[in-house]
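See structure below.
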Amino acid sequence: MVTVGIIGAGRIGKVHVESICTQVKNAKVKTLADPFINDDTESWAKNMGVEKVTKDYHEILTDPEINAVLICSSTDTHSPISVEAIKAGKHVFCEKPIDHDIEKIQEVIDALKTSNVKYQVGFNRRFDHNFEAVQRAVAEGKIGDTHLIKVTSRDPEPPSAEYVKVSGGMFLDMTIHDFDMVRFLAGCDAEEVYVEAAVLVDPAIGEAGDVDTAVITLKMENGAIAVIDNSRKAVYGYDQRAEVFGSKGMVATSNDTASAAVVSNADGITGEKPLYFFLERYMAAYAKEINCFIEAIENNTDTPLGVMDGLKPVLMGIAAKKSLDEHRPVKISEIV
Amino acid sequence: MVTVGIIGAGRIGKVHVESICTQVKNAKVKTLADPFINDDTESWAKNMGVEKVTKDYHEILTDPEINAVLICSSTDTHSPISVEAIKAGKHVFCEKPIDHDIEKIQEVIDALKTSNVKYQVGFNRRFDHNFEAVQRAVAEGKIGDTHLIKVTSRDPEPPSAEYVKVSGGMFLDMTIHDFDMVRFLAGCDAEEVYVEAAVLVDPAIGEAGDVDTAVITLKMENGAIAVIDNSRKAVYGYDQRAEVFGSKGMVATSNDTASAAVVSNADGITGEKPLYFFLERYMAAYAKEINCFIEAIENNTDTPLGVMDGLKPVLMGIAAKKSLDEHRPVKISEIV
Amino acid sequence: MVTVGIIGAGRIGKVHVESICTQVKNAKVKTLADPFINDDTESWAKNMGVEKVTKDYHEILTDPEINAVLICSSTDTHSPISVEAIKAGKHVFCEKPIDHDIEKIQEVIDALKTSNVKYQVGFNRRFDHNFEAVQRAVAEGKIGDTHLIKVTSRDPEPPSAEYVKVSGGMFLDMTIHDFDMVRFLAGCDAEEVYVEAAVLVDPAIGEAGDVDTAVITLKMENGAIAVIDNSRKAVYGYDQRAEVFGSKGMVATSNDTASAAVVSNADGITGEKPLYFFLERYMAAYAKEINCFIEAIENNTDTPLGVMDGLKPVLMGIAAKKSLDEHRPVKISEIV
Amino acid sequence: MVTVGIIGAGRIGKVHVESICTQVKNAKVKTLADPFINDDTESWAKNMGVEKVTKDYHEILTDPEINAVLICSSTDTHSPISVEAIKAGKHVFCEKPIDHDIEKIQEVIDALKTSNVKYQVGFNRRFDHNFEAVQRAVAEGKIGDTHLIKVTSRDPEPPSAEYVKVSGGMFLDMTIHDFDMVRFLAGCDAEEVYVEAAVLVDPAIGEAGDVDTAVITLKMENGAIAVIDNSRKAVYGYDQRAEVFGSKGMVATSNDTASAAVVSNADGITGEKPLYFFLERYMAAYAKEINCFIEAIENNTDTPLGVMDGLKPVLMGIAAKKSLDEHRPVKISEIV
């Protein structure tokens, strides 16, 4: 039984509290820490079976009963708390991204070098049933050598301009998941990236210095070409698809819907929209990634997504921004 | 918070233990009773958070802390334990069917007349996301007046001949779910049933006096015609579909699959099979039906499936058997 | 090159003129006969390449250049003109049904006994690409032994009450195609039929003595059970589907649409309706059945649908009407 | 009635002979010219109703009865014969591409300036039912402002290395159709193109100086971003899809198949592959484009695809090649 402390009681922190309390075997949440925790959250957590609630996450790091820490706090705290937790000897699950600053990620890498703790990054989509099935088909050779990878990733609603300003930009905030997905499906790293992007959804996003629509082409180390298309606003819901094409065929996945019901009437044949957003689509994936983290601790094996898997998509995101700024293809090797 | 006792620790009893312990809010399992309970089940239950395990279900009925009982024991005990539990003042959730004998069901109905407890029957499919969506479309008038109802229900593997002998026959064992589904989708009762059936899957089923393949036509009180097709063996998995056709259109649902991944290669375009069987397909529905039962207790409202909803499909099953035996359409009113 | 005369210049006669003139190799239409032919039709036919237009079909039967006759006149004339044409030594393609009266069909059978001409009945749906693919899968053993056959057949609009009165009733007018389809998919004849039917679409149809909605169950000679569902009005268009289920799997077909375009928006994911009616859905099938007829003449082989294939669905339709009237299952052997 | 001469009796020339003879009203083929025409083709053409066959296309250009010419000869002859035909006062339908050399296309443009003949280029895919439906949805505003356009275009088999050497390269030979499709769906021209391409299908294609796999990103004049993915070899057949995403939703089309039949068995749920190649997929589109050409002549209206529509995709193809060679985004305005 792994005893867990969770740092950060925002949306994603609560997701992990709930899934550990209800769907993760061999783990329990002892402590939930958040400087701004309120009474509602406290009583909700207690009701879920969390033993202790605190404003100070150091109470987690210093608790000898706690084996593992989930870092769900704001992005700028991910890397310093990661280092603190590693030094405190706790296994660490860190939400994505580890940091927008490569040097800060390097500090985490360095801390791990002199430690035996497990480290996992929260790229939850790898644990989604659809993307898992696509990757499995590729890994099993069902499509032969990979030639083309296509990832569609569109949010149902754009973030506020305020959020955009502190988000690190679309590539580090949103596309970073797709960069990870491309690495997952390709089974290798990207060499080069080219971005074509625009502000088509909301001028306020442009005024905040960001883009909201993009097509991102990547050359992969195995020779395959990948392409990601992003939009901050798909009115029909969260659009999360992937397609991998190769010498022996293609594997592709469409979206999940709330039901398979289809209405046929004078207007046409109408099925349900994709599930609204990431909480609806990926709830099972959130539970599964934590189960894998707990298993890696219990069996003393590698986590499925180590610190380097946290670094690589950040490099890709920085290269993408550079490509947009300089209007040219940028090699990933230019970044570090 | 409703305190629950569960009688029967077989497959379905365990499903309810697990879903209450992990997915049903406002309920906890205090006691699990089964005359044949073994050490493995006991330690599994304790691990899930069940407080007490016993061989004698009377310990549940006499426990003043326990508000509600789930009857998951063998079919022949459903009605007598229902009566006992009602008399003990416990709310009752009873797995389907209440009984194969109408008089026994009548005893439950009688016991409820002088009691204020809630009673719910376990027709779990009404809580499946797909069938719920179909029924909702019908209820909202999206297809106008209902003219035709089609239910496909095929199991992936036939039961053993031993099971068949004690099952009450396919209509009371398997089709009973489809009879309930037809009532659910039609929003009314059946008037008449006609059966065309055969032994096409396994001769041993025929030797045991049963059939394994059937097309069952029903005339509904609202004038609609319903048709159920059953097979005990669909090699591609559990096939559970429904279609309702009316004056303004049609609503239909196909099956759920493990993923939406589709492989295109020289052999064709291939998606996944339906989920294997009821445990895979209906796990969420099992949790949802118990949530509704607990809510009915907490809010003192009617359960979604009362004792009469338990009786009606049994009448339809008995009429179906009579239709098969006498090779003619049989009115439901002939049965009681 | 087969020289053809076409008797009847109504909707279906024109379909055959057009397909022979544009899509059928090795055949040409020399003469088109219709007692009510007008100038528009005449100039249209001439424009299509038809050599001669007449009001008297005897000019076709007596023309030594004409090898083959297509009988597309009103249903009551099908059998007498068939007999005349056979006696005149012409190969005959006769639209369905040959007749509603079994004795009249018997006269055609008798005429054929002393003749060497080819005779084909116009059950066009056997030549549809979708139903052909379903039948081929069954015939190739892909689904093993057949257990269940399901045919859905719904028209987009009901006929007028006037038409209904002279139509012979829904079973001989509309379901007759589905009876043929069941025979085609089963690869054998029906033994027994049971009908559950109602007037749900248009009371005027009921007043005309007919039904507009039905579920028809058939026991087939190979042990399979077939079920047809019919409606005279599907607001979403012509609904023509089939499903065959067996020991090794299932093959099914959905409808054709004008395009594969799908719109995703805030209302859902919407594809196109089925093609509107038989002229849209079966145009290619009409050309294909005539091609097969011409090939049978040229190669002196059996036509794919002989006179007995014209008789059998009529027997099924008469048995269906008897089942409806007497409210019981009726054996086909009761009819003749 | 338009009298047509067809120059070139290769694969595509025969397609046009057949469709005009069978599916195009108001047109007839008087003469078919090809320097290498053989007896088989001659007798086939005569059988189709072609009056005259010749080795010298000048017999077409000098025939006063012939109003319109279809140029289906080898690519290098398209522009000179176009000029000759225009000067001879014939309406011209010219297969794509007009030429690989912009100056040669300019000569056609110049010839048209002093002529009143109609000129149409053979981008047949615009007349495909699926792409028409997608474009119509966009044009009708169903998806709002266009943000993203995605075109998938993959051939079932790569051409021979010999063909590749004279083909003008993949962008002018194959992608040129997709460049036209992007213009069709966007309703405007491209401003800039970026290519990521590779040799992944056949090394011989690389040795011939070409690529066989590509992802091509385009910035459109209306601000939308388009992306084309190409492969010379999709083992599952001709893959021709498009998706347009905008402020109010998305419209997309998948492929056509030979039938809608789906087999469910122990291996999964399998539908048919896309139609094999362009002759199977686009036969109806070939007939439709000629119908539109004939209508434009008869009604004295603009053809749907004028000479500038022939020029633009060539510019895009040349820019794409330059992008590949110089490994940078290239503006279309750099080309001319």
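First chain written, first letter: the chains are A, B, C and D, and each begins at residue 1.
One rule holds in what follows: a residue touches a chain if its C-beta (ideal position, glycine included) is under 8 Å from a C-beta of that chain, and two chains touch if they have at least 3 such contacts.
Predicted model, so just to flag it, every value in this text is computed and none were measured.
Q: Report the chain whose CA-based centre is farthest from the CA-based centre of subunit C.
A: Centre of mass proxy via C-alpha means gives A as farthest from subunit C.
Q: Between subunit B and subunit C, two touching copies, which fits better, same or different residues at the interface, with half of the numbers shared as the threshold?
A: same
Q: Using Cα averages as centroids, what's the distance between subunit B and subunit D in whole Å?
A: Using C-alpha averages as centres, the distance is 58 Å.
Q: Measuring centre to centre with CA averages, how many angstrom lie between subunit B and subunit C?
A: Taking the mean C-alpha position of each chain, the two centres sit 42 Å apart.
Q: Could you please state the distance in Å, as a whole number, between where the Cα atoms of subunit A are centred and where those of subunit B are centred?
A: 39
Q: Counting only residues that touch at least two other chains, what does the list for subunit D look like?
A: In subunit D, residues 234-236, 239, 248-250, 264-266, 272 touch at least two other chains, as defined above.
Q: In their shared complex, at which residues does subunit C touch subunit D?
A: 22-23, 129-130, 132-134, 137, 142-143, 248-256, 258-266, 272
Q: Within the complex, which stretch of subunit B touches subunit C?
A: For this pair, the touching residues of subunit B are 145, 147-148, 150, 154, 194, 196-198, 200-201, 213-215, 217-219, 223-225, 227, 229, 231, 233-236, 239, 245, 247-250, 327-329.
Q: Residue numbers of subunit C touching subunit A in their complex, please.
A: Touching subunit A from subunit C are residues 235-236, 239, 257, 264-273.
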